[in-house]
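Listed below are the structures to be examined.
Each of the two complexes below includes subunit A, the first together with subunit B, the second together with subunit C.
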Partner chain A sequence: MGPLIPQGIIPGQWNNVIAVLIGMAFGFIMEGSGFSSSRKIVGLFYGYDFTVLKVFFTATVTAAIGLLYFSYLGWIDLSMVHIHPTYVTGAIVGGVVMGVGFVTGGFCPGTSFCGVAIGKIDAIIYTLGLMAGIFVFSEAFSVFEKLYDGNYLGEITITEFFGLSPYLFVFFFTLAAIAIFFITSIIVKRVEEVNY
Partner chain B sequence: MIMKISRTYLILSVLLAGLAFVLVLLPKTTRNKEIQPDKLLIEINDPARFVNPDFIAERLINEDPSLQLVDVRTKDQFSKFTLPGAVNIPLNEMSNEEWDESLNHEDKDVILFSNDDLYADQAWIISARQGYKNIYVMKGGLNLWFKDILSPEKPSETASKEEFETYYFRKAAAQYFRGPSSIIKTDIAPSNVELKKKEKKISAEGGC
Partner chain C sequence: MKTNIEDKSKIYYNPYFGGVVLGLILLATFYFTGRGLGASGAAKSTVVAAVDKLAPEHAQKSAYYSKFLSDDEHPLNNWLVFEVIGMLAGAFLSGALSGRLKFRTEHNPKITTKRRLIFAGIGGFFFGFGSQIARGCTSGAALSGAAVLSLGGFITMMAIFGSAYGFAYFFRKLWI
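Take a look at the complex of A and B:
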């Protein structure tokens, strides 16, 4: 029966309304888990707090397992699910830029808005920088266009690209996630306690 | 070093790994993009997929851009005769993915035809199972096309007005599709009389 909107079970006009509701829930939970604190977020890079890693890994694994079960039970047609197109060059360069911004500023785009919502001055400055970056990029897009479109692979998934079984891939990915949770908890114990 | 891991995390980890492992063990099913059998049955019983040759002739004459004719006969037959603007997709190649471009139209009506409507209807079932939309079948096929459009029969004197209108439309369509050679054939020999043009009187231009 799913996905609900492409199948017409929920009319397409609800798309934006649902997006706003999900966005509010997402922001609420991020704030609740302390993601609006830049110190907590950069803990990932200094080794004293791996909450960000754990949250995103758990979300990915849960969604992957859930989608495969849904597809198996016929609840969702995976061929109709939107797959974000892959631009390899853009993803690498953008990833580096984002990573540097992440560790120096202490926010990722989503959490910076969370910080703005609770009135954090560093988050407000960060968001202004973000807007400036968007403006510069948009204005100078013709300069970046080649880089942006480089090595386009289309709407491809990692299992399709390497010809793997999605079930096996998700299984090993889950094991890797659990192993990483375990290792990071050891690291946190060994690192000197940081008060933040 | 022995670490104490909290019970909750241990249970959650085992649960996740277990669920993921069961996925690997599940029997694999392949889901085709074909439509469901019950849905197909409903569509097969729906005669709305058949369109009359008159309807197609009218749209061809009006050069309707949202019309895509598809000839499902063999290449041989296609090269001998086909309808204007038709593309050839032989029935036995219908499920080939290379024809996707000709069949997959959101904004066009794809009309399949063959000599009769039997093969075209089979082609329709194949394309319906592939999930294509806006696919229709020309009723009666080319046989009916020849009978109705290219050599229409004059209705009897007592026929209704609509029948006469259809007849006149078909007459006109026949001229359109057969070309100018079909318009007038008379036994009268061309006369040798030279026609002299009357010289035009030049009238005063303008007016009040």
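Take a look at the complex of A and C:
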């Protein structure tokens, strides 16, 4: 029963080997989906290419459904799976700052690494900027500490917070994703084509 | 022959195929390790390791760097660092197979290369800064967070995309 490494079914020494293998698959599929191109990524904000949105939501839905099935079948103990902690202030403020970075830089960190791997100079500069941003935040941490720790709600899920069934939530989330895919396919036909 | 190669370099996977495979990779990551994927964490580890090397006392005293330093492990001995090493290799392989390996700056022909590079640096800076405030980026907080239905993951996901849509108008000349 999973998760295999935390349960001790696979020895911990394999952790880094698995990290490299999973990373390779992750990088391969992201690059092949077009994530090494900033102009393709940004298309979703201007309506001329929704590839990234489709890949992102399909992946989220696939993994969420998979985890619920794995749990239902007894293949994974979800109580041992790390739930990204909820710091409401940081999640909102950090997300807004990242959004500005997304639309000016044309990459997010993972996609910029794909760009670096195939020789995109803009991705290399982006990655240097990324590390500079992390460095400045770290040096100025005392100023932002309140923001960083604000409104902590614990390792809570959205369904616990609203008192919903996770199964129903994922079902409706999937329907919403399909609706978004349909709407974006209409938008892309109406927006002037951009060649890149 | 040349046109053949150029054509191939613009062909990508069907986005739903790419999404399902990416989702299965993420599911496998949870199944093996109990945690999700990430990206900005590896950049953070690199910064922490560099500061620790150049100014060890400063790093130990800092309230932020010290969170990620321990006596028995080097800051680069971290799952996400190994994952990103794999990512670079995997993306390189995919680029090589599709004829996309080339040193170049991709930009809107209406703007100069210099302008593109300046904004790429600024964008990276904002994303790096924001990813620390939110404890993760599009991979670690939004994608992996939302997959386990984390409330914070959903909030960060909506904040990133909402903000990017909100600011898109002001930066449209960079892209269209």
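We take it that the second predicted complex is superposed on the first by the 196 of 196 C-alpha atoms of A that agree within 3 Å, B and C clash if a C-alpha of one lies under 4 Å from a C-alpha of the other, contacts with A are read in each partner's own complex, and residues count from 1 in each chain.
Here is the rule we go by: contacts are C-beta pairs under 8 Å (C-beta built on N, C-alpha and C of every residue); 3 or more make two chains touch, one makes a residue touch a chain.
What you are looking at is a predicted structure, and each value in this text was computed from that prediction instead of being measured.
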item	value
Subunit B versus subunit C as contact partner of A:Ile121, first or second or both or neither	second
First (subunit B), second (subunit C), both or neither touched by A:Ile134	second
First, second, both or neither for A:Leu153, with subunit B first and subunit C second	second
Between subunit B and subunit C, more extensive residue contact with subunit A	C
Which superposed partner A:Val61 touches (first subunit B, second subunit C, both, neither)	both
Which of subunit B and subunit C A:Phe171 touches, first, second, both or neither	first
First (subunit B), second (subunit C), both or neither touched by A:Ser79	first
Partner chain(s) touched by A:Gly34 [first = subunit B, second = subunit C, both, neither]	second
Subunit A positions touched by subunit B in one structure and by subunit C in the second	61-62, 170
Sites on subunit C touched by subunit A in the complex	12-13, 15-16, 18-37, 39-40, 43-44, 46-48, 51, 62-65, 77, 79-80, 82-95, 98, 100-108, 116-117, 119-168, 171-172, 174-176
Contact set on subunit A toward subunit B in their complex	61-62, 65, 68-69, 71-72, 74, 77, 79, 165, 167-168, 170-171, 173-175, 177-178, 181-182, 185-186, 189
Of subunit B, residues touching subunit A in the complex	3, 5, 9, 13, 16-17, 19-21, 23-24, 26, 28-29, 31, 33
Subunit A - residues contacting subunit C, complex	2-6, 10, 15-16, 18-34, 36-40, 42, 45-46, 48, 50-51, 54-64, 66-67, 70, 75-76, 78, 80-88, 90-114, 116-123, 125-139, 141-142, 144-145, 147-148, 153, 155-161, 166, 169-170, 194, 196
